[in-house]
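The same chain A turns up in both complexes below, where it pairs with chain B and then with chain C.
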Partner chain A sequence: MIDLLTEFPELPRTVLRDIKKTVDLGFKEFSRAYGESIEGFFYPLLKLLVFIEDVLIATPWPIIIGIVAGLGYWATRSYKLVMGVIVALFVVGLFGMWEDTMETSGIIIVSTLVSILIGIPLGIAMSKSNTAQSIVTPILDFMQTLPPFVYLVPVVMLLGIGKVPGLIAVVVYAVPPVVRLTNLGIREVDKEIIEAAESFGATPRQKLYKVQIPLAMPTIFAGINQTIMMALAMVIIASMIGVKGLGLEVLRSITNQYLALGLLNGAAIVVIAIIFDRISQAYGKRIQEHRKGGHH
Partner chain B sequence: MSKTKIKIENLYKIFGRNSKSSIELVQNGMSKDELLEKKGHVLGLNDINMSIEESSVHVVMGLSGSGKSTLIRHINRLIDPTDGIVEVDGQDITKLDAIGLNEFRKNKTGMVFQRFGLLPHLNILDNVTFGLDIKKVDKSISHPKAMDWLNQVGLDGYERRYPQELSGGMQQRVGLARALTNDPEILLMDEAFSALDPLIKKDMQDILIDLQKKLKKTIVFITHDLDEALKLGDKIAILKDGFMDQEGTAIDILLDPKTDYVKRFVEDVNRSRVLKAKNIMESHDKIPQDLLNGQKMTLEDDLVLDKFLNKVITEKPSLIEVQSNGNAVGYITADRLSFILQK
Partner chain C sequence: MSGGGEGFFIPTAMLDANPELATIEGVLANPQLFPHPEGKDVGAFYGCPAGWNCQITSTNVFNAFGFGEAGFEIIDPGSGAALGAAAAGAHDKGQGWVGYYWGPTALLGLRDFTKVSVGADEGWSADKWACVTEEPNMDKTGADACARTYYANATIEVAYTSDFEARAPKKVMDYLNNRTFSDKEIGMLLDVVAQEAYSPQDAAIYMVLEKQDLWSKMVCGGTFTDCPEKQAIIAAVQ
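On to the complex of A and B.
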């Protein structure tokens, strides 16, 4: 009796072992049977990722800095930000991290694109149906609270180590904000404006493209911004399963206790994070401008 | 008499899950409160019957919660009825499918909203052409139309601005222009001027009256303001708790309020300021012959009593002839005038 209170009534060791074994074996069998076709399915993604990385690395560095500075100016109209971008990228290159930075940027760009491609339609579907919302929301909660290390395991078992499994892990981790905020943005659109569109005989499709998505755009953009930030965080962890770039160097510095290497690569990640964040946020604000009033 | 444009018959709206089941209870006289308590259903409209004449302004008046906004949304079916018939030009629109309903909305109705319902991401011109864009009308046709309407509501030069840059009154002019650009036969105005401050509100009412003289649309106008109802309405329906309390012309309602609710509304109205000559005149055919010999005074039919009382007192005409566009349409006697003002 006392035993029952002090010791948690666990399942018998053999049962636990059998459960784990069954799951492991089952999944292994699944990945043996379908692993190749799943890999085949993701092949275009790999091509895209490699292509973007190649382009970023092959393009002469002054052109890349010029493009990023230009984007920064276009989005923010701030010379201070542009100067900051140029100096920071220059320093990153000076310390020998240019190629890694480009590689990391490449995977961020691709994983953000994939997240948007999955997240926006899913968010729209959620906004249209309460059933869809009540199914997807707990899944998103689960994805966001599950420690990222845990879902590296099935991804690796299924696809092995490499760029694509890394990319998938990043997308799984980064997609929830854009889904949530697309859903929220569309649901938040003023009911009277929706009624106005309906009163003119707008079809559901016209309503979506002419009213709901444009009005939800600032919120959707906040989601994309968060997705980019989450992708940046995950890209470091994903280095454990074969994603190259700055994250791998950070991982190396942890295992070898290289303080300087760790700090430098960490700083380079911060630089990319700030650049992506400022540009996407400023763009999100710009599309909101008309709604706030003021004169042009 | 002109023909009926919109006919509403035995219209019920009950909000809540499985609300059809409550119809019978309501028909058997269950009250709004009782229904809410027993079934959790909210009674929105209770056996509404109305017929709205073509080219008239029909005002639906009531306080908040009276069901007036619910009622107007049945005319373009932004809300589906629980039971009853809504006929427009003899067609029961409650039977339309999704495609038919969109066609109906595109061609027959235009709506103006209390908080304007403009699209903040589009400039004024694109807001005004919105209805035509939905109909996929080419910009080369829709732009000139929109510019013409912007001009008519006094907003030329603002077409490239954005809604947030405009004042409330200007935004509502855009809302009006947007509805009119579609050239609907029926204009639905849901508390269209209620969000505006008093002076702007008066301007907008005058704009609407002026436009209506030319356009002759069938207008359904929702308001909680009796003065506005009396000023605009050819006919006024007063709604309370989803019931139609009384329906009639301004003079019917002012002189003969049927219920306590309507009486309380009417008490504080300054009749000489809201009634127009046409509201109190008697038919021209029935002019008593003996009055024709005395001194005659003529005035326009939409003149408010206040504006001609002084003249009547000083000139003491034996007959006031009411004209519309230069044609005699009716007459007012001194007795009639004092009766109206004293009752």
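On to the complex of A and C.
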């Protein structure tokens, strides 16, 4: 009797074995039957990723530094940031990490765009209905905490090594912040302002686009910022399934115990993160400039 | 199911359509049969992850046989799990795949792969292998590459400290010194473990109870198939 309390009553081994066998064999059959068509489905995305990476690498580096500096100026109007961007990118290239940085930037740009394109509409849909929120929230929890290799190994078996599984890995991890914060931002819009809009006869669509979203912007931009940071954090995991770039160099230095190489490439990842972050933050702040100053 | 050893493997199904792929010359002649995951117009060869000794050896052997010149490109899979998953996925989907792998492993146990063979004088030799294990040689291609050589059969060794040898009972040292399993036996065990989804404990119990012919002689010494030690081991797992 006491055994029942000290040894947990597990399912018999044969049951567990049969469950494991069914799932593993089931996936093998699924891969055999649908593998080719799923690969074909993702092919345009793969071609887009390869194309963007080729463009970034082929473009002469002064043009790229110029474009990023220009974006920085347009977003922040601050010469300090522009100088910082130019110096940082120059140093990255000086230490021989230019191509890797371009490869990583390519996948991060596409992943962030995909995450935002999926995340913001999902966040808006969540904010409109409590049922939607209660369904989507556990899915987001799953996406953020399930160890990536658990779903990545089946994805690599289906899609092979390289950019598309890497993109999937990054998007799965990076989408939740923008979804959650969009949902939060819209729900937190002052009830009285919504009432005022309704009393002026705003249609639901006008309410969304002209009142709720503009007022939720600070929170939405915080979500976008977190998404960018999480996408860059996933760069190493993506490199573990063969995505080339800074992540793969960091992985090489970890496994070979090359300290300097790891620090340099890690620093390059931080440089990209800071550039992306400052530009998007500053842009977010500027489009809300109109909210400052007035006293109404 | 093959025993294994290290080497370059292809899914056995590829041999039905192209029997010449059993040799390395056949593989070199057909880069178009091994699709690159990014749709590039080169043959894909899956190498080893960084930090693994086989990244050095497989790259040097790749260069020695002129894979690059024949139209192949090495793919760094990033991790062992990704290498195995890519091989397994290609096998299940019936696609072409060539790369470094080793056995006995679960992958080779559950799926059918064949080790590509090399010419009679292109096998392992001590002096040629010295070049292959040197990391700086990884960048040398064409005429500068190492001479053609291939992986030897791996032996299983037992290692112990001299302290241990001094204080261990004679019977224990006899067992350790005579303990050996063939590739086939280990492969068969891994097969069973994978099919039955055994945990390591279950696998050990299976080995003790069901495969006594494999270990009795090692434990009892010489040609004896029964002894008090063997009975004690069997009793312990009941």
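One rule holds for everything that comes next: the second predicted complex is superposed on the first by the 284 of 296 C-alpha atoms of A that agree within 3 Å, B and C clash if a C-alpha of one lies under 4 Å from a C-alpha of the other, contacts with A are read in each partner's own complex, and residues count from 1 in each chain.
Assume a residue touches a chain if its C-beta (ideal position, glycine included) is under 8 Å from a C-beta of that chain, and two chains touch if they have at least 3 such contacts.
Every value quoted in this text rests on a predicted model; they were computed, and no experiment measured them.
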Partner chain(s) touched by A:Leu215 [first = chain B, second = chain C, both, neither]: first
Comparison of chain B and chain C by chain A residues contacted: C
Chain B versus chain C as contact partner of A:Glu192, first or second or both or neither: first
Contacts of A:Lys80 with chain B and chain C, given as first, second, both or neither: neither
Which superposed partner A:Gln206 touches (first chain B, second chain C, both, neither): first
Which superposed partner A:Lys21 touches (first chain B, second chain C, both, neither): second
Footprint overlap on chain A, where chain B in one structure and chain C in the other make contact: none
Parts of chain B lying in touch with chain A, wherever the complex brings them together: 73, 76, 78, 101-107, 109-111, 113-121, 130-131, 133-135, 162-165, 182, 188
In the complex, chain C residues that touch chain A: 37-39, 46, 49-52, 75-79, 81-82, 85-86, 88-90, 92-94, 195-198, 202
Complex interface listing, chain A residues touching chain C: 13, 16-17, 20-21, 28, 31-32, 35-36, 43, 46-47, 50, 149, 152-154, 156-163, 239-244, 248, 251-252, 254-256
Residue numbers on chain A that touch chain B, as the complex places them: 190, 192-193, 195-203, 206, 210-211, 214-215, 217, 287, 290-295
